[in-house]
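First chain A sits with chain B, and in the next complex the same chain sits with chain C.
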Partner chain A sequence: MTAESHKSKILLELRDVRKWFPVKEQGFVGSRQVANIKAVDGVNLVIYRGETLGLVGESGCGKTTTGKVIVKLEVPTTGQILYNGQDIYAFHTKEDEMYFKRNVQMIFQDPYSSLNPRMLVMDIIGEGLDIHEPKMSKLRRDEKVYDLLDKVGLERYHAMRYPHEFSGGQRQRIGIARSLSVNPELVVADEPVSALDVSVQAQILNLMQDLQKQFNLTYIFVAHDLSVIKHVSDRVAVMYLGTIVEYGSNNQVFTETGHPYTVSLMSAIPRPDPRRKMKRIVLPGEPPSPINVPTGCRFHPRCYKSDGEKCIKEDPPMIELEEGHLVKCHYPEM
Partner chain B sequence: MEPLLEVKNLMTHFFTEAGVVEALDGIDLTVFPKESVGIVGESGCGKTQTAYSILRILAQNGQIIDGEILYKGEDLITLPEAEMRNIRGKEIAMIFQDPMTSLNPVIRIADQMIEVIALHRDVSAIEARELAINALTAVGLSEADKRIDEYPHKFSGGMRQRILIARAIALQPSLLIADEPTTALDVTIQAQVLEIFKDMRDKFDLAMMLITHNLGVVAELTERVHIFYGGRVAEVGSTFDIFTKPMHPYTIALLESIPSLDVDKGRLATIPGSVPQLINPPQGCRFHPRCRYAKEICSKDRPPMEEKVPGRFVACHFWEEVEISDLAEQVLGQKKKDIKKAK
Partner chain C sequence: MATVTDKDAKGPSTAELLRVGDEAPVEKSPSHWSTVWKRFQRNKLAIYGFFVILVVVIMAILAPVISQHYPTALDPLFDKYGGGGADEHPSLKYPIGTDTLGRDLFSRIVWGSQISLLVGITASALSTFIGVILGALAGYYRGMTEEIIMRLTDMFLAVPFLLIAIVAVSFLRSGRIEFLQNMTHATIMISVLGLFGWAGLARLTTAEVKRVMTLEYVSAAICLGASDWRIISKHVLPNILSPLVVVTTLNIGGNILAEAGLTFLGFGDPQTVSWGRVVNEGVINLINNPEQVFIAGFGIFFLVLAFNIVGDALNDAMNPRLKD
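Showing the complex of A and B:
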């Protein structure tokens, strides 16, 4: 692939994005800022048209915040986010802004709190259309909602019900229908299946894959469950403490794993196979607080490969092990 | 060998405004001394309520309607409340799902642990504190003698779960019931806690009842598994057999529907519909509306729980017809014909 055609396939690009939340202390007069929670601390990512990018990491690693800055629910502290080559925080016209907002949608984690309990399903799904297609007739809007209900595996009569009448899996289907109502290009799905039972989880994962084909969607799939990420993603980014530590194709990350953190994550997952006797790498301690980020490599206090010197002092650069396979480590596994 | 705990035909109902919830409908369950038993099922299948029934800590609107809960040969259901208190904590300890809410936030760890120890054992406060510190050290809490005087908010989720394990084992119970002990934890912390469970089990000769929906955790930690569905037991067998030769259609469907880290499954197999409501549960076999083998009889007659093969109990009318699909074959890495032979 030439550089030019590669470029045209890029849908979204994150350039050194940081999101720091100030920690304030109540003083005698007013409050003052005492520290920063570095939730996202220098993330570079490229998302190609039509792919599914899996963003995986433990709680507090910044994966959800990354998802939120992409859909403009949070404003990054520094850095640039380019959508179709345009900075999403510097649109020139209102039309460009609306175009972006229409084309980038989100599916939320908790199907119980992400739907307004006082709205009919019809209006939950139709709300996006009311905003982005104000001239659409009521009849056509309703038709569109019925059509979406059908596409996500619900019935027409469900439109006249309230969210509390649905199970978790059904609510997640409503959330998916809502995100698709305005024909977006990019959908950021934040832990869309983590609140669901295993048998329902499989239904939703299959549904999302089917819809991706039907609507030519690009997904950013945020999750903590490595096996779900492996199942859905074309490319995977592993996050640790606000930074991406490994980044590559599904195969590169899961079978030619480079970063010690990814290696330990994979070995930490109990497999549903009693015959498998695995040697497990049990990481000591817990992820440090994003307020006090360790010096050098952020992972060094827990890393089994840390040399106790270079790793403590120098922040490792992203090195390319193979084309498209990036690892942020001084001593990657080969 | 005499079982340590034997639950027979346990029925627990909840009386709500919407109607009677048949949460447990004839549960049979055994735990032998020093054995780790897994209770697996999806939300609402009755796994937690079984534990609550055993300890008699059901919500106010819940009631044990029928059945026996024999612990060391004694029926816990008919035991006077005063004697039941000697069982809770001392004989049967429980760890609850959410480590963030299981500790009282305004009481120091020391007091929360000493209270339990002093209640059941004839020891002085200083000795009780000593026991508590030993238990905390055993679960890997560093500087336990100092940190014991801190409040729960100073500890992370993983650490709190360790403290809860320490509190549960400090009295050296014979049976430990752990309800989703690692569900709220990150994978790397889960790995640490699983190691502690294995450690404690070996060190104290604990029998364990592990309640979880995570099939990986069960495979790793238990010797025998009970698969629950809709307030009933669908299948019982050794962990090895359940994972390599599942016999109940639900068990098979469950194994097929989880994405795997090791095998590329392509499209996931799904179980249509969702878990049944237990206010008006399906007649006959409770799994029949979602089962691909269901025939007419399944919607009428409840399949009996029978020992089909030595050590394997299955409640299914058509267990012999159940086929392991190609998907399961991939997952389990085993040939269909071998599985058939085993039957």
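Showing the complex of A and C:
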């Protein structure tokens, strides 16, 4: 598909989004800002209608913060987020705001803290309906909840239970049902399976894929597990220290890997083939602190390709290796 | 007749057996509070505490029925045969004796329980009300709101309570301000104790609200577009209720004690019967009639102890880490 035909299908666009958290020092009177944690530092992303975009990176690289900025749980420091071409931080009316909230939902990471322990499953799932359709009759609301329970693979009688009576996987199903209750277009899934057992992970991933077809959903799938990302994503964005370092279709990123960071991540995926010679690239050191971001290319202190000169001085631009495959590196692979 | 049909041979199919689960009665599972009550009941000491409170409550409600005499009547049975008069020891006529003015002590204790409970419970309710509202505002809105409310809380925590209470009570009773003249003893005590007792609760509420606000179910509610009121009332407050209930229960004990203490020191209305006043009036007869002081004193002691035990037991029963 060409870029032109994609234009009309753009659902969400992030333009140079930054989220800096101030580090404050408590003074005698008040406090003063001494530094910034640059959790998200200049992210550009485009999400097309109906696709699944995988957002992958190490812990602390800002992928969760990116997800939170998209659903308006955090306000970005600078930058724009356009939903259907409209800046989501500049809505004029309450209706626009509510329309956005209806259409962009989130699935949370921790199935144990994402459900209110004092509410019945019925009310947890029905809350979106209570908020957005207050005039709906109790009977229809309950019918809708039963329908959602059925769609996520739970039983009707589960509606009258409290969250603590469910297992992690079942809780995650309830969380999914809650986010789907308002019929969203875009769902940001923040590590939806990383807290679950591997066997349950597969069930939830398959459920999410089924629901994507049924509800015509667009997913932004945040995860640190490359095999999960490979399984679910149409396109993949690899994040490192607050920026996107590689961005392309699933195939491009996983087989024609361009960025040295992605290459080293790939080499860490275990492969069930004893004869295969593994070349593991072990990155030296820890990811640098997002308070003091390295100069030039952010990845240069840990990169095996760093030339020690250009990489230290110049921040590499996004290079388009091929149609839709972008890499932020001076010396990409290939 | 041995034509066994296919269906009989197989019995119920697996699918049919599995359906049993589907048709389980759609019953509400036990709520949090019913589990708490179940765990509370298992605590023997707590049941005794609860029993003591219940007895005092019944005594307070049925005071006109239980006591034979009006609590301020002087030697109500003076024309009857067998003892009486002032400073009478326990006798058949007066079950626990009379005080210096010859008033029936039993009636005074029974009527006095009304004031103790009324002041204790209402003052605690008042401070919980103020504390929870201010704490929820501070914890939910943060920033400047929190800063202002927390500094106010600091101020109220630094106030020397006894001094303020004494000043406030005597000021209110001095009759300088017209509309305050008609305030009864109980109203004065309740407002003083309630208005000066909320600071600790406000702090607790702020901290708890801030804790709950970081949980993902609150984020989920924000994502769904829930209003501030919905988030506070449906997601935050129900989840911080346990510590609030515990602290309020412990506060009741504290307030009963404070009321008795202030009355003992001579503040409040001499016309009003309360346990603190009975102790106060009995002190002069401590050597000859020690029962005057001790019965009322132990009444206060056991009631406060009961509230503390119940508060503690509630704390244990509501601990989420203890699962049955």
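Just so we're on the same page, the second predicted complex is superposed on the first by the 323 of 334 C-alpha atoms of A that agree within 3 Å, B and C clash if a C-alpha of one lies under 4 Å from a C-alpha of the other, contacts with A are read in each partner's own complex, and residues count from 1 in each chain.
Here is the rule we go by: contacts are C-beta pairs under 8 Å (C-beta built on N, C-alpha and C of every residue); 3 or more make two chains touch, one makes a residue touch a chain.
This structure is a prediction, so every number in the text was calculated from the model and none was measured.
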*asked:* In the superposed model built on chain A, check whether chain B and chain C fit or clash.
replied: fit
_Included angle at chain A between vectors to chain C and chain B, based on C-alpha centres and rounded to the nearest 10 degrees_ = 80
*Taking the superposition as given, does A:Glu97 touch the first partner, chain B, the second, chain C, both, or neither?*
second
*Touching A:Val29, do we find chain B (first), chain C (second), both, or neither?*
neither
*Determine, under the contact definition given at the top, whether A:Leu139 touches first (chain B), second (chain C), both, or neither.*
neither
_On the A-aligned overlay, A:Arg178 touches which partner chain: chain B = first, chain C = second, or both, or neither?_
second
*Just chain B (first), just chain C (second), both, or neither: which does A:Val75 touch?*
neither
_For A:Pro117 in the superposed arrangement: first (chain B), second (chain C), both or neither?_
second
*Touch check for A:Ala268: first (chain B), second (chain C), both, or neither?*
first
*How far apart, in whole Å, are the nearest Cα atoms of chain B and chain C in the superposition?*
6
*Within the complex, which stretch of chain C touches chain A?*
21-22, 24-29, 31-32, 215-217, 219-227, 230, 234-235, 238-239
*asked:* Going by the contact rule set out above, which residues of chain B touch chain A in the complex?
replied: 42-43, 156, 158-159, 186-192, 194-195, 213-221, 239-240, 243-244, 253-255, 257-262, 265, 267-272, 274-275, 332-333
*asked:* Taking the touch rule as given, give the residues of chain A at its contact with chain C in the complex, in rising order.
replied: 68, 71-73, 97-98, 101-102, 104-106, 108-110, 113-120, 127-128, 131-132, 155-157, 159-162, 165, 175, 178-179, 182
*Within the complex, which stretch of chain A touches chain B?*
58-59, 167, 169-170, 197-203, 205-206, 209, 224-228, 230-232, 254, 264-276, 280, 282-283, 286-287, 302
